[in-house]
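In what follows, structures are represented as structure tokens.
Each of the two complexes below includes chain A, the first together with chain B, the second together with chain C.
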Partner chain A sequence: MNKISTRQATFVYIVTGIILIIFMIPIYLILASSLKPSADMFSRPPTVFFTPTLQHYVDLFTLRPFHQNILNSLIVTLGSTAFSVTVGSLGAFALSRIRHPRINDAAFWILSMRMFPPIAVVVPYYIIFKSVGLLDTPLALIIVYSTANIPLTVWLMKGFFDEVPEALEEAAQVDGYGIVEIFYRITLPLAAPGLAVCAVFCFIFSWNEFLFALMLTGSSAQTATVAVMSFWSSDAVQWGRIMAGSFIILIPGVIFVLTCQKWLVKGLTLGSVK
Partner chain B sequence: MASVSLTNVVKAFGAFKVVHGVDLDITDGEFVVLLGPSGCGKTTTLRMVAGLEDVSGGEICIAGEVINDRPPKDRKIAMVFQNYALYPHMTVRQNMEFALKPQKLSKAEVDAKIAGVAGMLGLDALLQRKPAQLSGGQRQRVAMARAMVRTPEVFLFDEPLSNLDAKLRTQVRMEIAKLHKQLGTTVIYVTHDQVEAMTLADKIVIMKDGYIEQIGSPEEVFAHPKNLFVATFIGSPSMNLFRMTVERGDKGPVLSSAAFTIAAPVDKSGKLTPGQAVTLGIRPSDVRLARAGEPGAIEARVEVVEYLGVEALVDLRVGTQEFIAQIPAGERPAPDETVKVVFNQAGLHLFDSESGQAL
Partner chain C sequence: MGYVNRRNRTIAGVFLLPTVAVLFLTTIYPMLYALYLSFRNYDLAKPFIPRIFVGLANFQEVLTSGPFMHSMWITFKLMAVTLTFQFVIGVGLALLVTQRLPGMAAIRTLLLIPMMISPVIVGLVWLFIYFPELGYLNYFIGLIGINPIPWITSTQWALTAIAIADIWQWTPFVMMGTAAALQSLSPEPYEAALIDGNSRIDVFLYVTLPQLKPVLISLLFLRAIDAFKIYDIIFVLTKGGPGDATETIALYIYRQSFTFWRMGVGAAASFVSLIIISVLITLFFKSMQKSAVAR
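Our next item is the complex of A and B:
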């Protein structure tokens, strides 16, 4: 490999910096607005220097059960992520290893679950959950999110499992292991980067989801995204609280991605077979 | 240690048969090499013994027990894979421990076994490394260590040297031979390299298109090939072949072609009838330069001379027929010279041209 010249490095840094700024602007606006007194919110020109206040954050938790909404979001998100990654990777392992002429049809059928527009199934879901008494429960959202997350996990993980040489599993078979042990002691550890990717995708999708959460939950299972929207009422839009809530919603995703980051390192399979 | 026997073993993928009724008896402690060109079914046969492929028909026994339907873990075998198949997320030591874990030994026993095998293969200094940090030869040794540490009844090797460079291959080949001598375990070894087969095997099984062509000791398959395939597959450079017709001569049958006529080997003359089409085979090492005035010499033109140090390979031409002589380098002629050569009587092989079977 050639060494990157100083000029190239400078160029890369400048471009990265520009992209970073573009991405950070909305986040800055959210943070700044959440700390601005209501009076400064829409002043023109926008105030750059202001006395920050935590009033909106305090309101969020005192006037509203926002901590409950966050907890609901966490339950739903972690539940769906854990379930999807578990079931999805098992399914992906099967799809990756079973030799059958129609196996690709099965894989496509699973993917097709992801193709319908969510709005088309909101009403059927509503009716079904109402009839089984799951409306306004975290379980309903876990189920709904999993139907979207599992196909994604299956397809992503299948790619990662395909990369794990079957010779390793055969070696483990000869060494005296059954299929279950081989899966979680050999194959899964080697596909760990894939698992991390899937978990991040599932987490972000579930955490940010709005439509199903709005339609299928009421007061007790309401998630944070929907709760933030409730500050938008017919007589007033409480921008300060919306921004404060939005900023809090941003945090878990960042923490989760940073936690998974060390697993996102590729190259674990390097050197296993030549 | 155990004997292995295959009785009429068949492997078919749907209607497509890749192994056609293989019969093979391997005695306790024997080193058997399955040899053949790629696609001959040798690896499939080995994988059936390992339990990695289902057996479509026939029986495989290890130590007298039919093991067709047993999973690999219940067959008391260990296998060294072509690409080593080391667990990349484990160190050398963990690779060996992983292989031992199902045996549920005490920690002391595990440590002792690993130390023993690591010492034998010179891996002591590498135990804490991961496969990615090892050279090709070291990985190969780790793969063997992982197999050995389990003290199996039968070792299976699937082309274990094919990823090594030539020098290392010779070295590891010797190590394998030494280990077999030391351990005395039954070995089934798959390769397409005849040198490996000849040097390692007690018994060579030569396969082609899913059939066994010949089973025998290295000496047997070299000196008495059963058919044309074995004759040309074993030996390097490969055997010279001449299409000949049997004719009546003064002192018994002679073999004749447009280029030359020679007396048929005495021990085969009873099996020959005039007019029969036969293929005469002679190894390059059994072709030598004729002494002055030696009877039965064939005049040939030298096309190319390949000097190999001790020996030289001489490409000769008689009429349209080309063949190779392997002679001491000091005697080698110059290209375009005309020389007289004779065939060693003992080295003549006769095959029926139609069936390819030895006469």
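Our next item is the complex of A and C:
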């Protein structure tokens, strides 16, 4: 961009500064409230300087089985991520290498599978899982999350595979490699960064998901997002616990933003912005 | 044809098979099941009553009775408001954070955080902010002399409260997409336009904006698809209420299916919403292909 004067720079800093502060307030509130003693939670005027306490975090793991909820979230998240990246990268390789005039339609069709409203299929899932005894199990959520994660992986990995030069694969074929060997010995290692990106997106999506987790789990497979919501009960709202749980849940997303910002654009805009 | 000869194409089909098989079982099958349910009278609270075929009665109820049309109106109203603010603020922010000034990259990174937060957490923190009697927002607007606003408990304000939370979460998305697009544009046209003595606003409107258009259209459809599905934030803040003031399509389906246990009606509404979102998805793909050609 072009050079700007000191006065203009001051203007830019002031405006972005104000917007930044406004946008950071809710995040500050989550952290601050998770550390505030319950008595200070809504004091007037709000206490900015308070003696931080880890009591709410301790309560989460002693009065509530939050470690169990986190474990459930991790099982579901890692299970779905591993399954989706495996199946999705195979599909992406096929879409990347098959030459056919309608192959783009197939790619779009697969991608559209993740765009349908979850609420529209939650009833069928509920009935199907109930009839096969999968309600309230991690496996049910692994299956459901994969329906969103596989299309995303196929879509993103296709882009990464497209950039691997086919000449390398042709050379390997001349050397007598079969296509399966070519895939996992040559193409996949070259597209490894893509696998990491897809894995992270699958992880964050599954970790943050709420609607399916709410409908399809009960007490035994309850994930962290549903557990935090359950601290909200009409008789006594445990704000300290809600905020402590919320803070723990938002950590992976924040780490992702701080470390792989470059991939965020590609993944979230589905490649429509370069 | 390259090295992928006929034999290898067959194998490539095998590579594709797991994806197609899994998606068929886990997406197409539930959708077909929803279609089946939409023609039945199915009360989940009374599972032993046979699921009678009722023809198009569920669709008739959905399309001709008030509540579904009302939820459609709420959904599109919310979409129009949130998208307008997200794009105006988001594009403005993108212009600011792409200035080459020290510290801007860090500010931009921090601004991306809201969209990576689970929507249920977003709902909970805004519930904390809006909370009747105790919430901080009313305290702070009280300091500047504004009377307390019943953010989530009045039909007049509830939708605004939800819109603010959604705008907070998704404005960064528009900023991020626009900023990335801005940085991929070549600088020459601006410099030429500025040297010619045009004002910055003119340069933005007549030089930058036309170049951003394909990206903005793609982002718009992506946001519209998401806005159409909005559920979590509303579920936490108002559960669709007070009354039906914030009942979007997703909340309508939820209420029919899991409050009234009328699975047939819920499924019919689901199907209508699938058709609407298919239109949005098709428009998104069209916009993507167009911008790929333009590139």
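Note that in this section the second predicted complex is superposed on the first by the 221 of 274 C-alpha atoms of A that agree within 3 Å, B and C clash if a C-alpha of one lies under 4 Å from a C-alpha of the other, contacts with A are read in each partner's own complex, and residues count from 1 in each chain.
Simple rule for what comes next: a residue touches a chain if its C-beta (ideal position, glycine included) is under 8 Å from a C-beta of that chain, and two chains touch if they have at least 3 such contacts.
It should be emphasised that the depicted structure is a prediction, and the values quoted were computed from it without experimental measurement.
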Next item on the list: Please indicate which partner A:39 is in contact with in the superposed arrangement: first for chain B, second for chain C, both, or neither.
Entry: neither
Notebook entry, point to check: Does chain B (first) or chain C (second) touch A:95, or do both, or does neither?
Noted result: second
Checklist line | Partner, of chain C and chain B, that touches more residues belonging to chain A | finding: C
Notebook entry, point to check: In the superposed arrangement, which partner chain does A:48 touch: chain B (first), chain C (second), both, or neither?
Noted result: neither
Next item on the list: Would you sort A:190 into first (chain B), second (chain C), both or neither based on which partner it touches?
Entry: first
Next item on the list: Would you check which partner chain A:225 touches, where first means chain B only, second means chain C only, and both and neither mean what they say?
Entry: second
Note to self: A:170 in the overlay: touching chain B, chain C, both, or neither? Say first, second, both or neither.
What the structure shows: both
Check: Can you pull the chain A residues that chain B and chain C both touch?
Finding: 170, 173, 178, 268-274
Notebook entry, point to check: In their shared complex, at which residues does chain B touch chain A?
Noted result: 50-52, 71-73, 77-79, 81-89, 98-99, 101-103, 130-134, 136, 139, 146, 150, 163
Check: Quick one: in the complex, what on chain C touches chain A?
Finding: 1-4, 8-9, 11-16, 18-20, 22-23, 26-27, 29-31, 33-34, 37, 44, 89, 93, 96-101, 103-104, 107, 109-122, 124-129, 134, 136, 139, 168, 171-173, 176-177, 180-181, 184, 187, 190-191, 194, 215, 218-219, 222, 225, 228-229, 231-232, 235-236, 249-250, 253-254, 257-258, 263, 266-267, 270-271, 273-274, 277-278, 281, 284-285, 287-289, 291, 295
Notebook entry, point to check: Hey, which residues of chain A end up touching chain B in the complex?
Noted result: 165, 167-168, 170-178, 185-186, 189-190, 268-274
Check: Which residues of chain A touch chain C in their complex?
Finding: 1-2, 4, 9, 12-13, 15-17, 19-20, 23-24, 26-27, 29-30, 33, 41-42, 44-46, 87-88, 90-91, 93-95, 97-99, 104, 108, 110, 112-113, 115-125, 127-128, 143-144, 146-147, 150-151, 154, 166, 169-170, 173, 178-180, 183, 204, 207-211, 215, 225, 228-229, 232, 239, 242-243, 246, 249-250, 253-254, 256-258, 261, 264-265, 268-274
